[in-house]
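See the structures that follow.
The following pair of complexes shares a single chain, chain A, combined with chain B in the former and chain C in the latter.
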Partner chain A sequence: MNKRKLGRGVAVVGAGMSKYGVRTGVSNREMFVEAFKHMMASVDRGVDPKDIEANYVGCCGAWNWESQAGIGKWCTDWAGLVPIPSTTVDNACASASVAIRQGIIGIASGLYDIVLAGGVEKMSTLPTNETTLVLATGADMAWETYAGFTFPGLYATMATAYMNEYGTTSEDLMAVAIKNHDNGVLNPMAQFGQTIRDVMNARIAKAKEKGQPVPSWADEMEFLHDSAFNPVVAWPLKLFDCCPITDGAACVLLVAEEIAKDFTDTPIYIIGTGQASGGALHDRESLTSIPAAQIAARQAYEMAGVSPQDIKIAEVHDCFTIAEVMAISDIGFFKPGKEAATAAAEGKTHRDGVKPINTSGGLKSKGHPVGATGAGMVVEIFEQMKGHAGPRQVPIDANLTLTHNVGAHGTTVVVQIYERR
Partner chain B sequence: MDEMPFTAASFDKFCSEKKLMASRCKKCGAIWLPPRPLCLKCKGGDMEWVELKGKGKIVSFTAIGVGAPTMIEAGYDRQHPYCAGVIELEEGCRMNAQIVGVDVEHPENIKIGTPVTVDFLERGSFSLVPAIANVNKTYAIFRAS
Partner chain C sequence: MNKRKLGRGVAVVGAGMSKYGVRTGVSNREMFVEAFKHMMASVDRGVDPKDIEANYVGCCGAWNWESQAGIGKWCTDWAGLVPIPSTTVDNACASASVAIRQGIIGIASGLYDIVLAGGVEKMSTLPTNETTLVLATGADMAWETYAGFTFPGLYATMATAYMNEYGTTSEDLMAVAIKNHDNGVLNPMAQFGQTIRDVMNARIAKAKEKGQPVPSWADEMEFLHDSAFNPVVAWPLKLFDCCPITDGAACVLLVAEEIAKDFTDTPIYIIGTGQASGGALHDRESLTSIPAAQIAARQAYEMAGVSPQDIKIAEVHDCFTIAEVMAISDIGFFKPGKEAATAAAEGKTHRDGVKPINTSGGLKSKGHPVGATGAGMVVEIFEQMKGHAGPRQVPIDANLTLTHNVGAHGTTVVVQIYERR
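Right, the complex of A and B next:
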């Protein structure tokens, strides 16, 4: 494979998101406007909306959850950007990253100088069992859902394989959830404003208040072992191994490198981008890694001319705890097996660790509005790289960063690398 | 048999006759399950149907407590989970299927590598489109032997 380069450089000069959570009464396009306003306010020297030339919007389930096709066009309309071209992109949970990549390609080709790209997802409208089926449509409806697989079931099958091969434990996975909740509590846009210890203490307080027997959990690990509070969803994955159902939107402003300094003194340059596809579970030789992620990461590293050791922080796709464990080895940060599985438990991926992962709270705690998730990752990277992350700001200089966004269970993966010069 | 198109519908029809059928590339001999009309290995497009012995082993699995609507209707829930997984057939190809005859309420006792044999089961189909949801069809499932 040839080493590919962008035709010209592209930078992120603005990034914003709506509040993530259960946003009853707020639609996709309305959340997109929230994200758009937040993004506009993040451009240091501002941007005239009239100068935005195209909009790419990721979304994978508006047809199901909102009975709306072509949602990107209505987002463009509500953001006041008609008649610029608007393209709706569906690559399951990687939709927004693919939308951003299309925006990058649009600028790199010379066709545009200033592009808006992001994603939306309204997910809370259906009862959970129907949403379970909508999410399963991200996998292969013909040959995976065939087995009765739910979406958690697919990752659970990979978790079983991982635990069997490497001796990884439920506690290793729980440490990922605890870490991401600890980060998310510091993110005002996150769905969960609670650490897992907070959740545990709230349960204890509730039991006391109601005069019920008070649970005697020593710590959050013991709480997570209590199947009454952390029931199995798809063994070996339990409730707290799974990301929530989230409504949300996020978007970024992409500009050509040569005009980036017109908008800010600190553009975030996209120096590497990779995208790959993968097959269904039965067509994969390994169930303990995501081959498309390894390919996309290699493309991004080669384009950027950097190695995993150089990257300071990353936002990775932790739709399930096991997904973060696989992600941090697929992008080359940790060896697959014990090293990757225990990275959270040993503090290596904490905000003050050697490789901070998911400082935003990740999908687990920030939330996972599937079509918006990839753009939400860039929002965190943007804020960390500009030193705007407030109490979650990492103590190191995050001048070189990475995002890793997985569509479904690895059928699409986008990896991108960002540099602040 | 060669006149049957290499589609999911043909596969389902064979299942209703209690046959587990795959497609085989006439050029390179690769066997594809689920059946494919194009060979991924040599990119050849000349296929034939082949009946599999229906014997294999569990590659990996899960026990699902919160299932898709069709499985909930079939009576599965948190107290009565079902096992789903990846099966590797003796012929080398793999498919995803429900696995029965295992200790699904204690999935920690289920072993990767457990030998399984195909069986056939009628159940409603999975779809969000009402017209094609819950249409009864015969599924290939696997039974621990």
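Right, the complex of A and C next:
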């Protein structure tokens, strides 16, 4: 698509997030302020808030979950940043990545030098069934939602096609969930403080304690795949294939490349950015990949001048387990089909694997506050690249990384590539 | 705020809109396609849709009025432009101006050369009382909407303060409405096909016809100010002080300055852009001006290197009559108070006045499809500057013009300045 370079280089010099989870009694703007403070504390040599020139905020559904449209300006207000320009972006679950991309473009244009960008989402105010309907407004009202589709159904359609085409199993998918929960439990900002393994091990321990027949790990996996403990949400996707409903906010500080070293000795340069659109599911030639992701990835790789093999770690969009499988082939890390589908089961995408994926816990375990998710991905990339990821820190030098963020079922995809020089 | 120039110049080479009004049975994306076709036909030497590289779409409430969030990507899809990046912007009633500003920034950044930008809003699907509540989500949920405020009330508060501070009268305000309806009736795309004068004259004619005592024009004005024909909506604002509820779409084609003459001999260059944010009403020192408008205007004038006196005509945000009065002083055309409040009554802002304002009919008569409004303003500026405004064409050479678009009650304001060289 677009091979052009940006007019000016841009770097991330700060990144922060609120605690993700069910945040009762805390509004979007309050979570944004938490994320803003966390971000401000992450800037090695600090930044004067008065020097921030614009704020881009992603959000999908505050109009419904808290009766607040155009939330960005209120985040800007409560962060004490009025009267800087504030723009609210709604590209479904890719909103924060689109917001960050606008920030990058704003700096590249010469209009700004220092830009705040991120996202928010408060989702827990409505019952889950209503929240599912709010989310469904991100799909196509003309051909999908009016026909009864919600996102679990849309992704289940893709999972069914994937299984049919490649022989992928529920166990392959569950390995993605288990891996991401193993990572997320090491992330203090993540929604879940427990792994799927923990739950299974607790069952084994309990059986031992009670002197009952002690189930094997294989028994536990079978239980996990075929019991009311992990019920079907939309076949073949079960509860543990689905990300949770999450409240949270995240943001990053973007600065022009030529001033980046004023803020830190280790700026994280954004060397590639791609964004593409896709139509409704019925309009696609294949249901086993997301064309917009492939296009966005190609744009990002071309701009960065690197290839998938060069990328050390990535945060990708795992709203459902099948989404991570499609993601890691759409961005060229693994071949579509068996190679992508078994990457987690074979340990390739684990923290100590050849290509660590979603070291943060991903949407699956860290949580998926939809409008904030893309910014939360950059927080993880930033911490890993700075060596600040604590027990999640990957054992390799993560000097070249990638984020992949999907809006809806691939109607927007943003791929960005980051370099620490 | 920001005195910097953009990295590259940008011009408008096409502008189009759908018919504004109550558009039963037509969706946002369908109206966008209408506007897109109208825009495409306005490009003097044409443009290949394949050359359009991105689409920015403003929208405030499609999530509610048609159960569709992130509408921009569906507009992009139905205009046949997938997979170009598509970004949906929600800055309340300034959404389309913010979208256009993002398009300008995108070209200035070097990432794009040719960008589509505009907005949509389908508002007539709900009863007026519910639509008023949807709109109210654009105000501050923490301090305004939860306390019962809706937009007529917020603007009525400003109108009351204005009357108290400057002695402005309901008659001063009504002169704004009468002027804008006089303009709008000459605009084939406007919502109303009748002026307030027409209605009053019809009453006079009817009285004559029936042999009843013939009311004078002064009688009619008194009737207009004090009868159930023009009831109070939120005192002192009456029905005819308020813009209608409108369905509609509008968009513009932006190109890099160096290629603008490939598309037309008369590109409309965007030489100044400003955007600022404001907080809730209770946080402001004065209720009789909008600080974000003053800041955005200053940014735009400084970037353009021109002063208010240089501007020939402007489209300003007249969601309520008081809004136009505040607008023309915030952007420096008239002194706040008596001079601004009586500009319409004294003919200064009429089509043949010293400073024609809202020659399109404005939000008041052309209509106010909230997410599209800023783009609709540029359509009028474009047509006036190209000499294509037909019976609305101003009698002066409109070579330097301005748009002023307010989000909510001044929480976002975008001011842009256009030049035909």
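Please note the rule applied: the second predicted complex is superposed on the first by the 396 of 421 C-alpha atoms of A that agree within 3 Å, B and C clash if a C-alpha of one lies under 4 Å from a C-alpha of the other, contacts with A are read in each partner's own complex, and residues count from 1 in each chain.
FYI, contacts are C-beta pairs under 8 Å (C-beta built on N, C-alpha and C of every residue); 3 or more make two chains touch, one makes a residue touch a chain.
Values in this document were obtained by computation on a predicted structure and should not be read as measured data.
When the two complexes are overlaid on their common chain A, residue A:Pro152 makes contact with chain B while staying clear of chain C.
When the shared chain is aligned, chain C comes close enough to touch A:Arg29, but chain B does not. Of the two partners chain B and chain C, more chain A residues are in touch with C.
When the two complexes are overlaid on their common chain A, residue A:Trp235 makes contact with chain B while staying clear of chain C.
When the two structures are aligned on the shared chain, A:Gly410 is found in touch with neither chain B nor chain C. Of the two partner chains, chain B and chain C are each touched by A:Asn64.
With both structures placed on the common chain, the touch criterion links A:Gly371 to neither chain B nor chain C. In the superposition on chain A, contact of A:Ala292 is made with chain C only, not with chain B. Of the two partner chains placed by the overlay, chain B and chain C both lie in contact with A:Thr137.
Once the two complexes are overlaid on chain A, the chain A residues touched by chain B in the first and by chain C in the second are 64, 137, 141-142, 145-146, 280, 283.
Chain contact summary for the complex, chain A toward chain B: residues 64, 128-130, 132-134, 136-137, 141-150, 152-153, 156-161, 164, 231-237, 280-283, 287. Those residues of chain C lying in contact with chain A across their complex are 1-2, 4-8, 27, 29, 53, 59-61, 63-64, 66-70, 72-74, 76-77, 81-92, 98, 102, 105-106, 108-112, 137-138, 140-142, 145-146, 275-280, 283, 291-292, 295, 407-408, 411-412.
Of all residues in chain B, only 8, 33-34, 40, 59-72, 76, 78, 81-82, 84-86, 94-98, 107, 112, 126-128, 139 touch chain A in the complex they form.
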